[in-house]
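Got some structures for you, see below.
Two complexes, one shared chain (chain A), two partners (chain B, chain C).
And now, the complex of A and B:
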């Protein structure tokens, strides 16, 4: 089993670093290009959601002091990603599917990130315990 | 790194060449620049050339939808061309392929613009 962990600042400018970290780790672990692309994008979306939604209404000082911890784990043909944060509880399971008509009418903006995560990963889960949010993404590798 | 280069074709028509990795850290800047150009240069028909876009997250798709909405409000159009296979796959996953007019080359997209 392989495990790596890294902390990122709560800032959209960190997203390229999240992607680089996930991409280089999975590449070193020999994950295929297509699976790697799916996991990188799902991690980008999950981290983006945490920064924009879990920390959206949170004050600047706390955003600067908190971090997002990202753990990558590979066991046989499964990659597990766990993102931990202490922002406001944000349950992705409650996000409705995107509705193009509402988006085009300007009545809704988004919903695509969670839809992408659900489509690209084998399973996504969310837990909130003692003020800590955990977003868990599972991917069964195709090869 | 500059992620948008705008090329005016003729009155009200332009091509925006996008490049790089379009995630949340750059999508705001891309949207602002293109929305600004649509207003200031009175663009109604815009082609997004994505030949040099290596990666696009949902933030990039939100920009494309916002542009489509703005241009439709002006009775114009948004066309997309030269999408790399890895990005096209995400268009398909997110089920947005039918929403946009997508062309294989910039030349093909330009030919469909009103004269």
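And now, the complex of A and C:
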């Protein structure tokens, strides 16, 4: 089993670092390009949601003192990603499916991030316990 | 973000390069805002040099398309790599825009020269 962990600041400027960390780690672990692309995008979306939504209403001082902990784990043909944060809880299950036609008509906005995570990963879960949020992304590797 | 723009009469080709994400997608929108769009304008967004699109990029593409369609123009997407095509299928973009290969886009431009 392989495990790595890294802490990121609560700042959108960290998103490229999240992508780079996930990409280089999975590449070192020999994950195929297709699976790697799916996991990198899902992590980009999960981290963006935490920074924009879980920490959106949170004051600057706490944003600076908190971090997002990202753990990557690979066991046999499964990669698990766990993002831990202490922002406002954000239940992804309540996010409705996006509607491209309503979006195009300017009648509705967004919803694509969570939909991408659900579609690209084998399973996603969200837990909130004792003020800590956990976003758990699971991917069964295709090769 | 590097964005090349080719204009031939009513045809406009936007060729962004790199990633279409939270940072770069605004640059694409700003570039598009500078182009006059009329009812005969056809805009092709060429993704052959794009290797990553996230939900911010999708949101921006929808805003650009909405703006062009409101002005009476048409939007097509071209040169999708398999990774990008997968993301566009999931988000539904493939169902609402014509999709061209790189060759079809080139032929289209040559045909209008």
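Here is the rule we go by: the second predicted complex is superposed on the first by the 141 of 143 C-alpha atoms of A that agree within 3 Å, B and C clash if a C-alpha of one lies under 4 Å from a C-alpha of the other, contacts with A are read in each partner's own complex, and residues count from 1 in each chain.
One rule holds in what follows: contacts are C-beta pairs under 8 Å (C-beta built on N, C-alpha and C of every residue); 3 or more make two chains touch, one makes a residue touch a chain.
Please read all numbers here as calculations on a predicted model, not as lab measurements.
Engineer: Superpose on chain A as described above, then tell me if chain B and chain C fit or clash.
Structural biologist: They clash.
Engineer: Which holds for A:57: it touches chain B only (first), chain C only (second), both, or neither?
Structural biologist: neither
Engineer: Touch test for A:101: chain B only (first), chain C only (second), both, or neither?
Structural biologist: It touches chain C, and chain B stays clear.
Engineer: For A:37 in the superposed arrangement: first (chain B), second (chain C), both or neither?
Structural biologist: Touch status of A:37: both partners.
Engineer: Need the overlap of the two footprints on chain A, from chain B and from chain C, as residue ranges.
Structural biologist: Residues 12, 15-16, 19, 37, 41, 44-45, 48, 98, 100, 103-106, 109-110, 112-113, 115-116, 119-120, which sit in both footprints.
Engineer: For chain A, which residues are in contact with chain B within the complex?
Structural biologist: Residue list for chain A touching chain B: 12-16, 19, 37, 41, 44-45, 48, 51-52, 98, 100, 103-106, 109-110, 112-113, 115-116, 119-120.
Engineer: Enumerate the contact residues on chain A facing chain C in the complex.
Structural biologist: Against chain C, chain A makes touches at 12, 15-16, 19, 34, 37, 40-41, 44-45, 48, 98-101, 103-106, 109-110, 112-113, 115-116, 119-120.
Engineer: Using the touch definition from the top, list the residues of chain B that touch chain A in their complex.
Structural biologist: Answer in residue numbers: 21, 23-25, 55, 57-59, 61-62, 65-66, 68-69, 72, 86, 90, 93-94, 96, 99.
Engineer: Which chain C residues qualify as touching chain A in the complex?
Structural biologist: Answer in residue numbers: 21-23, 52, 54-56, 58-59, 62, 65-66, 69, 82-83, 87, 90-93, 95-96.
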